[in-house]
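Take a look at the structures below.
Consider the two complexes below, in which subunit A is the common component and subunit B and subunit C are the respective partners.
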Partner chain A sequence: MTSDMILPFYQALTADVTALAAQVTVPSTDAVQSIRRKALERFTAMGLPTLKTEAWRYSNIQRYLKEFPYELLNNAAPVAPTVAQQAAIPELDCYRVVLVNGHLQADQSTLPEGKGITIGAMSAYADAPGFVTYFNQQHHLETESLAQLNTALFADGLYIELAANTVLDRPIHVIHVYSCTAHSFIQPRHLWVLNRNAAATIIESSVHPETTAVAFANSVVETVVQENAELWHYCVQQGEDSFREVSTTAAQQFKDSRYHHFSVTLPGTPFTRNNTSVALNGSHTETNLNGLYITNKHQHVDNHTFMDHIMPDCNSNELYKGVLLDDSNGVFTGKILVHQEAQKTNAFQQNNNLLLGSKADINSQPQLEIYADDVKCSHGFTAGQFSEESMFYLRSRGIGEEAAKALMVNAFSHDITDAIHVPALQHFLQEQIAEIMNN
Partner chain B sequence: MINSNEIIDDIANKEYEFGFTTDIEMDIAPPGLNEDIIRFISAKKNEPEWLLEWRLKGFAAFKKMEFPKWQHFEMPALDLQAVSYYAAPRKKKQLNSLDEVDPELLATFEKLGIPLNEQKALTGVAVDAVFDSVSVATTFKGKLKEMGVIFCSFGEAVQEHPELVKKYLGSVVPHTDNIFAALNSAVFSDGSFVYIPKGVRCPMELSTYFRINAQNTGQFERTLIIADDNSYVSYLEGCTAPMRDENQLHAAVVELVALEHAEIKYSTVQNWYPGDKDGKGGIYNFVTKRGICKGAASKISWTQVETGSAITWKYPSVILQGDHSEGEFYSVAVVRNKQIADTGTKIHHIGKGTKSRIISKGISAGHGDNSYRGLVSVGPRADNARNFTQCDSLLIGNQCGSHTFPYIESRNKSAMIEHEATTSKIGEDQIFYLNQRGIDSEKAVALIVNGYVKEVLNQLPMEFAVEAQKLLSITLEGSVG
Partner chain C sequence: MLTIKNLHAEVEGKKILKGINLEINKGEMHAIMGPNGSGKSSLASVLAGRDNYTVTEGEVWFNGKNLLDLSPEDRAREGVFLAFQYPVEIPGVSNLNFLKTALNEIRAYKGLPALEAREFLKLTKEKQQLVDFHSNLMNRSLNEGFSGGEKKRNEIFQLAMLDPQLAILDETDSGLDIDALRIVSSGVNKLRDAEKSFVVITHYQRLLEYIIPDFVHVLYNGRIIKTGTKELALELEERGYDWLKEELHLKESV
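Now for the complex of A and B:
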């Protein structure tokens, strides 16, 4: 599966399995080591994705993997507190967690405290009950070779567990700082568990300090939303030119739970791939997957989602909207799988795109795979332009062409931004969008 | 109200009504696939050297290829060496009129309701009947000839119009296209050939009737339709096969070429033997169909009603090369028992201002598995291209599956693409509404299904729309949701 082009990198990854495994002994319980070994075997069997891998047919990751000789980076370089500050969201009243290359920086973080709240480095909690029960249990991870690579080689990440009935009073803002002096391949791994009736809001942002060294983050977040729990999960992606990202989010939902996922990708990082998958292990759940991508230059953004309706009476909604400027490429793949037992499923999916750049393109694969009959499922896709009438309406009222465009993009993205339930984050993103369109 | 399980059983037990066999003297080549058999077919058909070479090229390509793995069903084990690649009703002598056709054969087509008899052909449809692999009779030849329309068997076209065949054969579906097209290129035995000259509007529907009769044979026909500038043709194919325990392969290739301002309308009512209720037997319908709108403002429209075959696996496609050309795809695919359908279309927008419309209606019942797989691609030159796609699926019973796998690729910012897909069952409220107006549940379902597929059936020529409607109601008899 792996082409010759990236063979050196692939060889470096797989050549000395034991040496690699030895490098990453933390967290080091036997169970974890055994999971890592299996993952490494699976990764070596699958290889790195190529354009012939169906799930990657529109995203040429090889181009970025072969760009430089990457080093696997598993430790944290010291980073000044001002770096994390760059990702701060104005007026956001929140707890803050700063991770450098996946390693928790306690001195720069303000962690939530209190009864029922467990938060800390993954390496410190390999024995925690939540970790033992849920780590690497979301079965979708098995089909993605880069997620397997992460499982095999991750060094650390953020572990959060909320005990039953614990409701966080403020959002947690997780700031991922990727810092390196040589071109690096970084594998952070996180696990967030919300037990029964717990509720939390987690906002992720990332910063890559301006350097000439390129950071490639291959991160995996596993979230578990137990009975009647509710998780709002926001990912804000505004990287730099020297950053590439494959971000995998694997969620599991149980009875009566609610999970709201937002990924907002703004100009910056040349290559972003978001694998978002949700396994519905309980009935009467609600899932909202929202995505907004506004891309420019030669940016490539790929949102790959998988809604796995395993149990009956679940509702899911997916809405992904894209504004493609300049020569940028957008990819959307959304799969809804409804198992035979999952009767009374309502699953909806929508992908709308505005192609504004002369060489912008979009590839979309909305998929329905349905084995139950009493369901309502639909997907929709559009790609096109502003309607001429709306444009004319605005122009006839004395609004300049650029301003009118900005206004329309703002309106187009409103469906997503309006659903954001943290006002500070909502204002922040709306301003960012306005700024992008005004430039 | 009838219990829905009983009804599903009813559908499962419904017999295939075209399952009879015809006893007729046949020329059958020994089973096996090799160069000799290709030479044998070519010699039997008295083909020119270039065609034999083309066949051999196809065979060489075939040998290099492997069966695809991306389809949404388990690929059956195909033993291509056990198949006989040539079966033809034995010709006693050269036939001049229908009176000389084997009466047994005529009786068969009579049973199928195909009006081969010219006096009966008041329906105004010219028919080319292909029995196993060989075209046995073509009606209305004289009348068509007056207008310059060529409608004959493929073998005849090779003899009489080699320049046209040579120019267009393989120009839309090259012999290297896919493994089944390569196989067909190597061993195709006959099929239909149509040429509509410039400015001619073909005065009647052209129709080909395909019938697989002999055991252990595959049917590999090849259809080539060329519509020259400003011409119009509507073409229909129908297919049946006897009931047999083993699976039979049907790997046909259809190529359509529409030149400037020409229009081709191609309709299929496919009712090959679907196998019994346990999925035993039935036809593997692996067909490559593709049309090219070569000239400006040309149009190709595919309409298909797929109710038969154990596995239907085909994607009638349109390449919109000419500026302002137009492609359409209307499909109804019904699966029940253990039938599988993996079908859809590919539309390539290359020229400026090209338009396409895709309407696909899937109905799954019993243990059937129905997939829509399609591609809409818009190239960088296709300014102002427009596509609308709608694929709906209806599920009857909780053992069936329905899937949609569309691929959408847009490389042009002025293109407008819309795609929507829905999956649902027949609503209880809809049935209730009809019930309370005195319509029983069974009729209500028929009514709802009819309404559901109407958009597609409306595209069929009238006579066939009626036939297709009957076929659908037979297929889905008693399916109350």
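Now for the complex of A and C:
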């Protein structure tokens, strides 16, 4: 780090985090304050990840944190409704939640209402039963220093709790608006709890309207999928050039539950790190982790996943597919941990890549740790170019090279897009992919 | 329509085509026969523009244009169609979407507007009937999991949809059962007219009973060593290729 650079937030982070913590007050129950204090201690002990941190070997986060003199930003100035509208998905019949820097904008939101539905700002629900039981309880968060930083310093976020047997009739579209006038580090924190037999679909998108002030989001979503509940969780990342993001999703699943997670990263944001981890705290669960990253220019996308098979008789299926254009860089880490008690585990993992740019690159590493003997686990990795045979076949029918590539990329990503169970979202993403490939 | 002059081509440094001469006029049906490995598919590939073949000598003219200067897609747009001996499977590309894209790209090249959805469907239905192509195959991924015969039928269905001026059918008959052979041949016959030409590559005289050729050529070792009429195919069926090879050696040793 050069000494003549002004790096207020980065310096404060490495020097005096406690002073930063003093700025943060909400939500402020004693329990939360005590969790925050512990998180701060952990963060201080761990420090920011470096290239020597095993989980960050291929993503130089320090470089991105030093890139601009970020200030910690905890509040939100009003933002015109047209901004959130930019993230709207055509034809999507949904509830809408607009958050600006993590703060709920009730006037721009259409919240689901009714028996069994609790939804609102985290700061307003710090003593709700779901919050008290589950907040910061997903234990994977403990080993990730940026998640600890979020716990210590977050300002606000979205709390959702569905009571037992509550089934949402429409998806909730959560639009994260990150808005700032100076380069800012923004840390929203969310907790979504589905109790027994509940079901929901949540789609996340984000918008950062300013082009000159850079926003760096370090967000954490905790999800809890209780007995026989089902959550479809989509994350659509189409960030701007002036946006950077570390996005942590930590899920807990209980007996007979189903969790389907999709992370779709498209061109835009130069730096994206997704930590996706699932702790299986009950048996007979189903988990699908789907990822699609289509990257261009100098984009860097790092998907870091962790399937923690704690209990027996659980199925997990992980499929991450990447299309890397130009000089873009992908990283995929797939950790699968099968505990000794987790007999009859089925855990499958696959990471396939199309390396289409001359300097495009992918670093992929499966990490399987298996302590049970009666399990079925597999992993696979491919990186390649378009099949010449297929390209020739398409072109021999009059399809130009660019259109043929677009068809092939669509085909390559179809097992991810086909699994999207919201038709409007599926259609939207297919169109986006076609558009990226036609440019 | 198509003039091939002294065409030489190689693949991976291996000489495959060694001086092909062929003239195809409008409305003609040419059959090419010849032993395995003689270069039949290679000739088809060179005409369609497969880029692992290098043309080392010779010319190919198609309607006054230098075919060898054109990209594969432009050859198709100009009206050249190759029904592949081994059609590839492309998972994730729907047959329908593929055809729509192809048709519209060809139309755009000719300055025509994209087909409206209704017109496209109408055309699809009509051509499907022509080759008895099952409509449930339409919505599947391109050739994925198709049986050998279904793939071949799909080639002819595409041929009917794209309506080229010159169609090269590379062993479209192999893999077809007797009924399918009849259906596909009658489809091809219906597509025949005074403006269109065909080259059918086959090992079997049987196909030529349904699709009557104007000319039969024998390709051997990268060259056309004999040209005749449909009777030549019958003779080959009876006698095989050895007598021709002998004739050739006699000629060459003179």
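Here, the second predicted complex is superposed on the first by the 422 of 439 C-alpha atoms of A that agree within 3 Å, B and C clash if a C-alpha of one lies under 4 Å from a C-alpha of the other, contacts with A are read in each partner's own complex, and residues count from 1 in each chain.
Methods note: contacts are C-beta pairs under 8 Å (C-beta built on N, C-alpha and C of every residue); 3 or more make two chains touch, one makes a residue touch a chain.
None of the values given here were measured: they were computed from a predicted structure.
K.L.:
Is A:Arg397 contacted by the first partner subunit B, the second partner subunit C, both or neither?
P.N.:
So A:Arg397 only meets subunit C here.
K.L.:
Kindly classify A:Glu142 by the partners it touches after superposition: subunit B alone (first), subunit C alone (second), both, or neither?
P.N.:
neither
K.L.:
Does the superposition put A:Glu389 against subunit B (first), subunit C (second), both, or neither?
P.N.:
A:Glu389 contacts subunit C only, not subunit B.
K.L.:
On the superposed three-chain arrangement, identify whether subunit B or subunit C touches more subunit A residues.
P.N.:
Touching more residues of subunit A than the other partner does is B.
K.L.:
After the superposition on A, what does A:Asp327 contact: first (subunit B), second (subunit C), both or neither?
P.N.:
neither
K.L.:
What is the contact status of A:Phe412 with respect to subunit B (first) and subunit C (second): first, second, both, or neither?
P.N.:
Once the two structures are laid over each other on A, A:Phe412 reaches subunit C alone.
K.L.:
Tell me which partner A:Ile362 touches in the superposition: subunit B (first), subunit C (second), both or neither.
P.N.:
Once the two structures are laid over each other on A, A:Ile362 reaches subunit B alone.
K.L.:
So subunit A touches subunit B in one structure and subunit C in the other; where do those two contact lists coincide?
P.N.:
none
K.L.:
Mind listing the subunit B positions that touch subunit A in their complex?
P.N.:
70, 72, 380, 393, 395-425, 481
K.L.:
Can you list the residues on subunit C that touch subunit A in the complex?
P.N.:
Listed in rising order, the residues of subunit C that touch subunit A are 48-52, 71-73, 75-77, 81-82, 84, 87-88, 90-93, 97-98, 101-103, 105-106, 109, 141, 158, 162.
K.L.:
Within the complex, which stretch of subunit A touches subunit B?
P.N.:
54, 58, 340, 343, 353, 355-385
K.L.:
Under the stated contact criterion, what part of subunit A meets subunit C in this complex?
P.N.:
My answer: residues 387-390, 392-401, 403-404, 407-408, 410-415.
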